[in-house]
Amino acid sequence: MKFPTGLGTSDASTISLLGQDLAADLMGKVGFGELAFWLVASRRPSAGEVRLFEAVLVALADHGFTPTAIAARLTYLSAPESVQGAIAAGLLGGGSRFLGVTEDSGRFLADTLVAAGTEQDYDVIALAAVQRARDERRFVPGLGHPVHKEQDPRTPVLFRIADEEGLRGPHLRLFEAIGRVHPQVLGKKLPLNGAGVCGAALADLGLPTDLLRGFALLARAAGLLGQLAEERRRPIANQIYLTVDRNAVYEP
Amino acid sequence: MKFPTGLGTSDASTISLLGQDLAADLMGKVGFGELAFWLVASRRPSAGEVRLFEAVLVALADHGFTPTAIAARLTYLSAPESVQGAIAAGLLGGGSRFLGVTEDSGRFLADTLVAAGTEQDYDVIALAAVQRARDERRFVPGLGHPVHKEQDPRTPVLFRIADEEGLRGPHLRLFEAIGRVHPQVLGKKLPLNGAGVCGAALADLGLPTDLLRGFALLARAAGLLGQLAEERRRPIANQIYLTVDRNAVYEP
Amino acid sequence: MKFPTGLGTSDASTISLLGQDLAADLMGKVGFGELAFWLVASRRPSAGEVRLFEAVLVALADHGFTPTAIAARLTYLSAPESVQGAIAAGLLGGGSRFLGVTEDSGRFLADTLVAAGTEQDYDVIALAAVQRARDERRFVPGLGHPVHKEQDPRTPVLFRIADEEGLRGPHLRLFEAIGRVHPQVLGKKLPLNGAGVCGAALADLGLPTDLLRGFALLARAAGLLGQLAEERRRPIANQIYLTVDRNAVYEP
Amino acid sequence: MKFPTGLGTSDASTISLLGQDLAADLMGKVGFGELAFWLVASRRPSAGEVRLFEAVLVALADHGFTPTAIAARLTYLSAPESVQGAIAAGLLGGGSRFLGVTEDSGRFLADTLVAAGTEQDYDVIALAAVQRARDERRFVPGLGHPVHKEQDPRTPVLFRIADEEGLRGPHLRLFEAIGRVHPQVLGKKLPLNGAGVCGAALADLGLPTDLLRGFALLARAAGLLGQLAEERRRPIANQIYLTVDRNAVYEP
């Protein structure tokens, strides 16, 4: 019986992580985002990759009073002794509706690229993909945003950073092409959702598409910590609770 | 009815975070660890503070096959469609025993400093604190480590980085003094636990002592993501499950 | 602004639940399983319905050292002060693989019945459904069991109780027919999984198929409580942890 | 290496639970509440014990729009594909403030009885306990209720059921005495909180005081299932979210 791992091991005098000496080689020398990338990808990212990756995490960290932020605050109100429970409750809303677009977009783009085979023209691939989605009465993941109806302000910045770092790869290119061609099929122009662009950027960074939601969760963990810190300084969870409870009406 | 927040807000064309324009001022310009600090502390940290802060997060990210890492992997085995559930399950073990020492140490040091009043000599404060803990038959949080019985390799590195950045404050100084004087009371020399030094460093960075556990959880979220990525590449959770199940014996 | 509910409300002198006076009409007069049914279905079940429903909950409560039971015990080891965290961690594994068959079966049977339209012969419906699943290279949910390769001992008991209470409805009948006809298509005889029969029984009780997993979770909450109680009396989580940790080997 | 358990085991033809044949001896013959008691206490309860135990679970199942119910609904809104995540998020609020009184009361009463030694007069024990709590500026757990300021309607019913079943034991007697004598110390009359009486009743049933919160969580799991079923039929979570989000104001 043995359990192999390439992550952390330790003995009496040393702690190893990713085959490195944690204290001598990582602490103070590797950033936290850089380490998160390395932990998942099993390779150390370049400085440019770290910059794009951290821009994605920064983009996804907090979106104000989302359902998940409210759930975390209410849980903290009920069980203030268990910070881990409040963070976990907040992350548990990181599912299909409010945090899913990053992973859905990355996976859709990756699947579309695989299916495109040898076709090289992104506009051709994009047009076929949008047409197919429409035929199957499905949405194209990452197309459109409930609030940013004209343009998601994160979108051009992510493309620019990817360009500056030489990291605009096939997923970002395909997503950009979708943004260009979809009006031909759908008859209206929708913005590229910034969280969707995040998914495309993470996929171009070579991160596993089945775990892209995980990066949204990591980013959100920082945001939830901010929410709890604010809840401590300036609590609102009790007011939210009372707003609901005092307006409850019995209807069978 | 209004719900004040200093974190995220948005309208059709802009996303604000911490009073900044997310797209124009933060993405690509602020690191992820830097943002996490800012979200909790409500102030942007200096470059030196970011380095010490990220060194702490790196130190706490992954400790190999901890109970929480195993719980996350088993949950991923059972419900692979819910990455958020696996991460949450892993964080829920971030309680008193396996992740608590960071917060416990930071709070103990902060409380001790408050109680010390005008006393300036850290050795005097430390000696009284260790003596009091012993009288009350309590452990001093952060003193000793189950594996690193001589020295925790993270400890000297954290002190060094704090020195390099000019950030050795009262909590680190007091903890260092505890490391120096405790043999006089306890009759044996114990190492300063690296996770405890992390708590002292976070407290010296001005972060709220009641939320220090939250930073350990944020760090661990990255580690758990690494665990899940490895579980996908090289699964062991089923073997762990079978090891337990096949060695189950009925005893009333 | 108003928030309607048919569940609990209270004022200074009364607590209402489901339109009943909790203290006067429910406590001591309604069983716990009966109340759980009522809460979801918005109607009070008959005595026979309660018996079948509770037989299902009893069937699903505990399956020994499942991944979810182990995850709950490990979480309890790490954070013993947070029972809610350990229970939550255990429930989070209640996803597609280890607890999903109840809901998957109930939903598959319900969908199949809807698609069958006016066809009345369960064998005909079953044969078509198994054939279609085979054509699409999908498994029939609830057919087969990893351990009970001949017969799941829960299966005949659930059918018998349903008969005794006059509650064998279309979902159970269809599932039984699937058990009868599938060898014609698959060329081998598989047992009806007991957890799948539970799903059929819950669907015949009129409970919403999209929430059937919820009943498996409720049942499992009792089982997890039993696991934690045993972990307190006779701990094994630390041994599980050490078994994994001590057999860890570094492999890049 | 062996892992002992007195709970569930199975082989190809049999499933055992608590040393019983699950299919032959438990399903259809044992109620769900009865099984939950048995799983924790390792003994089968009497019919009277089941009645009192289930009255407690019924009393604790749902309290309307509590923070935990709202958190579960918001999580379900965000991740509707993960019922287990929504239930878990709801349970995670089962901590010190909103669900803790049951366990706190049971433990306080148990500890007080142990400390009382050979003293037999409950009024004497109660008076000393209330006096001591007051001297230490602590609340007596279970004394007082934020809404039921005169009387918690659950309280007399629980005492009556305990009497009917011959189960009024030392914890209920002591709590009753506290209800009688505390005005002598506190100078005002507070009601006995029903959730606190539940804790006393569970302790009198011989259930482990360190796990009493677990029964509140089990009861609440049923209530949360009811909340999610109602959220499906008549959703309010999105309205709650919008109520908060649309009234957000930026304040640094």
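Miscellaneous remarks
To keep things simple, chains are lettered A, B, C and D as they appear, and every chain counts its residues starting from 1.
Simple rule for what comes next: a contact is a pair of C-beta atoms (placed from the backbone, for glycine too) under 8 Å apart; a residue touches a chain by one contact, two chains touch by 3 or more.
Treat the numbers as computed from the prediction; the structure is a model and nothing was measured.
Judged by contacting C-beta pairs, the busier of the interfaces A-B and A-D is A-B.
At the far end from subunit A, in terms of centres built from Cα atoms, lies D. The pair from B-C, A-C or C-D that reproduces the interface of B-D, where over half of the contact pairs by residue number are the same, turns out to be A-C. With centres set at the average Cα position, the gap from subunit A to subunit C is 32 Å. Centroids built from CA atoms put subunit B at 23 Å from subunit A.
One finds 38 Å separating the Cα centroids of subunit A and subunit D.
Residues of subunit D in contact with at least two other chains: 1, 3-6, 9, 42, 64-65, 79, 81-82, 84-85, 88-89, 92-95, 99, 234, 236, 240, 243-244, 248, 251. Chain contact summary for the complex, subunit C toward subunit A: residues 1-6, 9, 16, 19, 42, 79, 81-82, 84-85, 88, 92, 243-244, 247-252.
Those residues of subunit B that touch subunit A in the complex are listed here as 1, 3-15, 17, 21-24, 26-28, 30-33, 35-36, 39-42, 51-52, 54-55, 57-59, 61-65, 82-85, 87-89, 91-95, 99, 147-151, 153-154, 156-158, 160-161, 164, 194, 208, 210-211, 213-215, 217-219, 221-223, 225-230, 232-234, 236, 239-240, 243. Per the touch definition, subunit A reaches subunit D in the complex via residues 64-68, 70-71, 74-75, 77-82, 85-86, 88-89, 92-99, 234, 236-237, 240-241, 243-245, 248, 251.
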